[in-house]
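Note that subunit A is present in both complexes that follow, paired respectively with subunit B and with subunit C.
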Partner chain A sequence: MKSRAYPFYFAGGALGLYLLFYVLPSVMGFYYAFTDWNSYSSEVNFVGLANLKLIFASGQGYLLFIKNTVVFTVATILTKTVIALGLAVLLTSGLKRLAHFHRVIMYLPAVLPMLVVSLIFKSILNPATGLLNTFLREVGLGFLAQKWLVDVHWAMPSVIGVDTWRGAGYIMVILIAGIQAIPKDYYEAAAIDGASGWNAFRHVTLPLLMPVLAVTTVLNLLYGLKVFDIVFVLTNGGPGRATDTVYTVIFDEFSKGRYGVATALSSILFLVMIGLGYFVIRFMHREETR
Partner chain B sequence: MKQTLYALSALLLAAVLIVGCAPAQPAAAPAAPTQAPAATQASAPAPTAAPASKSNVTLTYMASQGWIKDAELELAKKFEAETGIHVDYQIIPAAQYFNVLKTKLNAGEATDIFGGQSGKTDLKVQYDVEKNAVDLSGEEWVKRMDPFALDQVSLDGKVYGAEIWDIIGSNYFVVIYNKPIFQKLGLSVPKSYADFKTACEKIKATGITPMFEPISDGWHHVLWFPMIGPRFEELHPGLAEQLNANKVKFADNETMRLALEQLLELYKLGCFGENALSDAYADTNKMLATGEVAMALVPLAQLPSLKKDYPEVKAEDFGFFPIPLVDNNLAPVHPAGPSKFIYAKSKHIAEARQYLAFLMRPDNLQYLLDNTPEFSTLNFSGLKDKWTPEQREFLTTYPAKSIVYQDAVNYVNPQWMDIGKDLVAMFTGTLTPEGVLKNIDQRRADMAKAAKDPAWP
Partner chain C sequence: MRRTLQGIFNHAVAMIASLIMFIPVYLVIVNSLKTKAEASSMGVELPAVPQWQNFAIVIERGKLVTAFGNSLLYAVAATAIGVTLAALAAYVLSRNRTPFNRFIYFFIIMGIAMPTNFVTLTRVMQWVHLINTQFGIIVLYAAAQIPFNVFLIYAFVETLPRELDEAAIIDGCSPFRLFFYVVFPLLTPVLVTAGVLNLLGIWNEFLLPLYYLNRSTYWPMTLAVYNFFGQYQADWSLVSADVLLTILPVIVIYLLAQRFLLSGMVAGAVKG
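This part shows the complex of A and B:
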């Protein structure tokens, strides 16, 4: 304690607020997850594991929503990271001319509100009147036109595509900062050893970028698990239930007044995120100390 | 010294935090229900108003968007001129309305009058009228109200709501068809499902979309099912009652399954066009006026709105018939609609009763009807209606025998959007018609149990 720059009680105020507004509601949430709290009755009864049983063992489709969330998360982590990495390398070493301008352009979607992005894409992806299908038909690629947001097989990939378009620029900016922090000496040494561009990327850029990639992965992971707005506006979980994710279902359950089930779902997600977050942070820490 | 300084600054910081938080509380209380300022206003006039003369009273009234017509606002001004009682209308966006209302009812701070859809399930489960609303059974206007509508605002023999709505023109969703297209193809008005299917196929062969079905809105395509409740009742007398008593289930009923199978068949045949899943209800008038579609499912009062948007359209070019699934030939009697309830904990119950009685005066009802373009009639006797010959023809051709299932069967209306999702899943092949019915049963059971319905032990 003595060795610290500030005494412990300095953190007291912040800690108090944190406990009151973050920890306490979360713990209360866990309690409500085991009750039948709903809008139809003023009583709140303890129902044990009934809500968890409903989610995991009732066959009412909750597992599909969890699967959709995982698919969305994994897919967006991969697409955003690969595209952002490619763009970051291109805009740091490949494309020198107007690099800043290009970076701004690539980053722009991230500053647009999600609602605006979703509404614009909803119109672009309209199968009859949308820009995308009209363009495809005009250039003679009509056979590629799909019912993007209303086809069971295309709805999720479309949502993932839109989210990647919006999110890749943001990840790219973080990766550019990471790449720029790599000392030039490594590349010079690699060049002297006769390394090709690919080898320099594979053996210099990528390993030294790992801590930054870990950060972007955590960001994408937590974002993906919590995804709501883009799905809600683009497909509202449809067609049918094909793109419902955990948070759209939580919203649904809350609006139906089934607060107990909704709280159980969000508590599960809370635990999963804490667990995954812990492992990824430990992984990052190991990378840093290595 | 340093330590004391640190400790002092820490104390100061804590004090600032506490002080900073403290005055926020009184400010936060009115800020919390931002969606509806009703709570603060509902309680605000209370101390000044009650004992003094009535002219100081302000009645607060919360309703969803679209429920309050301009003519009613005019009537409220007239009421204020006559009595000095001001009515403060608080209009909430439709998508949030029921959440805001339920929150306010649960918190015990609803407005003096609150709006709500009538229907027994809604009265009991959504608003708990026995606890939250004033018994209006003794009011004079009750005797003049349409008996179907009266039943929808009543619970256990007591009247709780004042419904003023065009329960026919706005509520009867029927198929509107383009007479010239039908004549050109030699088609007559379908009397059965088979007739309708044939008509669809013939129309489709000409390149015209037979039926405009905007599924993207999520609610419209659901109409096809509960709206043919009178037909279910005709084939299985007492079915609604048995469903409410939990003696039978939706999934047990072969007519219901057949209705969904036919709906699925129409979808697969392309009767609803290529883009039904992304079509929007807002385009209905455009599609009808341009002749891009031959039919659509619309309220009986669609014609005035169609004429307003497209003045060149001739009303006599359009006719109506009921949803033809399972050979239905009955009018979709749907007496539930936006109603007004007096909040049981209101401090101005007498004034609220006075206001409702004022609105229900025959001259005021006629004023409301005459000055609301989308109303063709109202649910009260002794008024002069505005039916066109085409609408009148529908009303005389198709008998009104019993009411639609979103009104007749408990726990159906609150799951409307869920049924919509299930139907889309059925159209896209991930759910069977039987699966849709089973899901309806499941959600009914969930709601009934939450509401502690004795029929679901």
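This part shows the complex of A and C:
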């Protein structure tokens, strides 16, 4: 009866597209990762672990961009969460009027194309003429002015800063909903016990917001590991390779026609993310059934 | 007294934060109306005389009419396909929870975490003869939205009473009629949310066309802007005008649909 009313072939279209364009390429990746597949020859030869050796043991800088990706991911998780949490508390309990207006403005960066955001920030962060350095000089903080995207030491922090600018409002909106779902009684009870302000935040808001913070962390994590647009446009991995991440290197290898290496990298990322995804789904599923 | 001071301080902090969030958009707006010389430092000053012709210039030189048409085609077609197929799948998987169907559901939503292997996907695209075609990009975008859409819609289907289905089945309704005439209309809120998120996401994306479209006549707005920037990076007034025209539809959709958008984001994330 059930299978007649809800025939499985209804799921066929979605499942078919997903299998053909996402699962199949990922599975094929595990074969091509062990080959010398490239754009210069039509032959594809099995080369064993050569690609993995190149990535992990060649000293050619491949480990650097894995480190960059991790640094970017961890840093943006922290900056976005802290800023978003601060703003969310401010907009839910700090203000009555204009809270909705601020929310709409702060979420705006998240709907703009990353590409466009990066282009604008390329000009804002221009060392000589950019708005940021001009502003710093005019208010007498000229010593803080840096060669943001062109300085090896400042490039990665600048990219992280721009990404935080874009993503904090999005995380904030989710946290606001989480805070609004906390029953008012808890705060009243806390107030009777003499806890207000910081104490109420520490002992009521923060613990009850943990499940939502877990979700936003997962969102930031999945985004961070796959970061591409912002790095590609802001620095294209430079200066040198100071801001190269997994996806920008894959694109670079792809454009050079080194498909085997690019696929090996993709497959490593696949394993990491599927592993993470598995834990996340199990975790959320447990929360749901509890 | 302390209370008012605190209130003023809070408003000031919120204002500064909003200002920081809005400045880049403001910069694009004012600089799009400046002359090349005025816009050279991309400053905050207003233009002496608004240069409205900047827009006409970029529409012509940036091939924005074609690009706009392409973006619209990709976003609308892929969203329609992606949302419809996901709704069908989420509906049967949610209603008929056999162990196999549960497995399929988790298998599909794993795709939210899964990175795309662009390199081997090239080969698949060649096999199915969709590489460098507009239809190919549409299908890829539709496929890319499916895991998230299924996740979002699945949770919503749970909230619809089963009695409706049962009544319709007893009346002899076929599965197709039941879905399209009874269930589909009830799914409207979540379909709008998923649809808006898909539209904005596809409009803003540029990695897939970068990999899989080599003909400039097929490029969407994002890729056209990127290319335009490559050619005219010395002229920020034109780049700003180009950028403004690209983000204008996004901002309009955002302001019109922000209630759906904000609630949808939250439903997806907080529910978990």
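What we mean here is this: the second predicted complex is superposed on the first by the 258 of 290 C-alpha atoms of A that agree within 3 Å, B and C clash if a C-alpha of one lies under 4 Å from a C-alpha of the other, contacts with A are read in each partner's own complex, and residues count from 1 in each chain.
Just so we're on the same page, contacts are C-beta pairs under 8 Å (C-beta built on N, C-alpha and C of every residue); 3 or more make two chains touch, one makes a residue touch a chain.
Everything numeric in this text was worked out from a predicted model, so none of it was measured.
Within the superposed three-chain model, A:Phe8 lies in touch with subunit C and out of touch with subunit B [touch as defined at top]. In the superposition on chain A, contact of A:Leu17 is made with both subunit B and subunit C. Using the contact criterion defined above for the overlaid structures, shared-chain residue A:Tyr223 touches neither subunit B nor subunit C, since it reaches no partner.
Once chain A of one complex is fitted onto chain A of the other, the partner contacts of A:Gly277 are limited to subunit C, with no touch recorded for subunit B. Touch criterion met: A:Val233 reaches subunit C, while subunit B stays clear of it. In the superposition on chain A, contact of A:Gly257 is made with subunit B only, not with subunit C.
After superposition on the shared chain, subunit A has more residues touched by C, the comparison being subunit B against subunit C. When the shared chain is aligned, no partner comes close enough to touch A:Tyr186: not subunit B, not subunit C. In the superposition on chain A, contact is made by A:Pro25 with subunit C only, not with subunit B.
In the superposition on chain A, A:Val173 contacts subunit C only, with no contact to subunit B.
Once the two complexes are overlaid on chain A, the subunit A residues touched by subunit B in the first and by subunit C in the second are 6-7, 10, 13, 17, 126.
Across the complex, subunit A is touched by residues 3, 6-7, 10, 13-14, 17, 99, 102, 106, 125, 216, 218, 274-275, 277-279, 414-415, 418, 421-422, 424-431, 442, 446-447, 450-452 of subunit B. Within the complex formed with subunit A, the residues of subunit C that make contact are 7, 10-11, 13-14, 17-18, 20-25, 27-28, 40-44, 85-86, 88-89, 91-93, 95-96, 98, 101, 104, 106, 108-124, 128, 139-140, 142-144, 146-147, 150, 165, 169, 175, 178-179, 200, 203-207, 210-211, 222, 225-226, 229, 236, 239, 243, 246-247, 250-251, 254-255, 258, 261-262, 265-266, 269-270, 272. The touching residues of subunit A, when paired with subunit B in their complex, are 6-7, 9-10, 12-13, 17, 36, 38-42, 60, 126-128, 147, 149-152, 236-242, 255-258. For subunit A in complex with subunit C, the touching residues are 1-8, 10-11, 13-15, 17-18, 20-26, 28-29, 32, 87, 90-91, 94-95, 98, 101-109, 111-117, 119-121, 123-124, 126, 129-131, 134, 165, 169-170, 173-174, 177-178, 181, 211-212, 215-216, 219, 222, 225-226, 228-229, 233, 247, 250-251, 254, 259, 262-263, 266-267, 269-270, 273-274, 276-278, 280-281, 284, 287-288.
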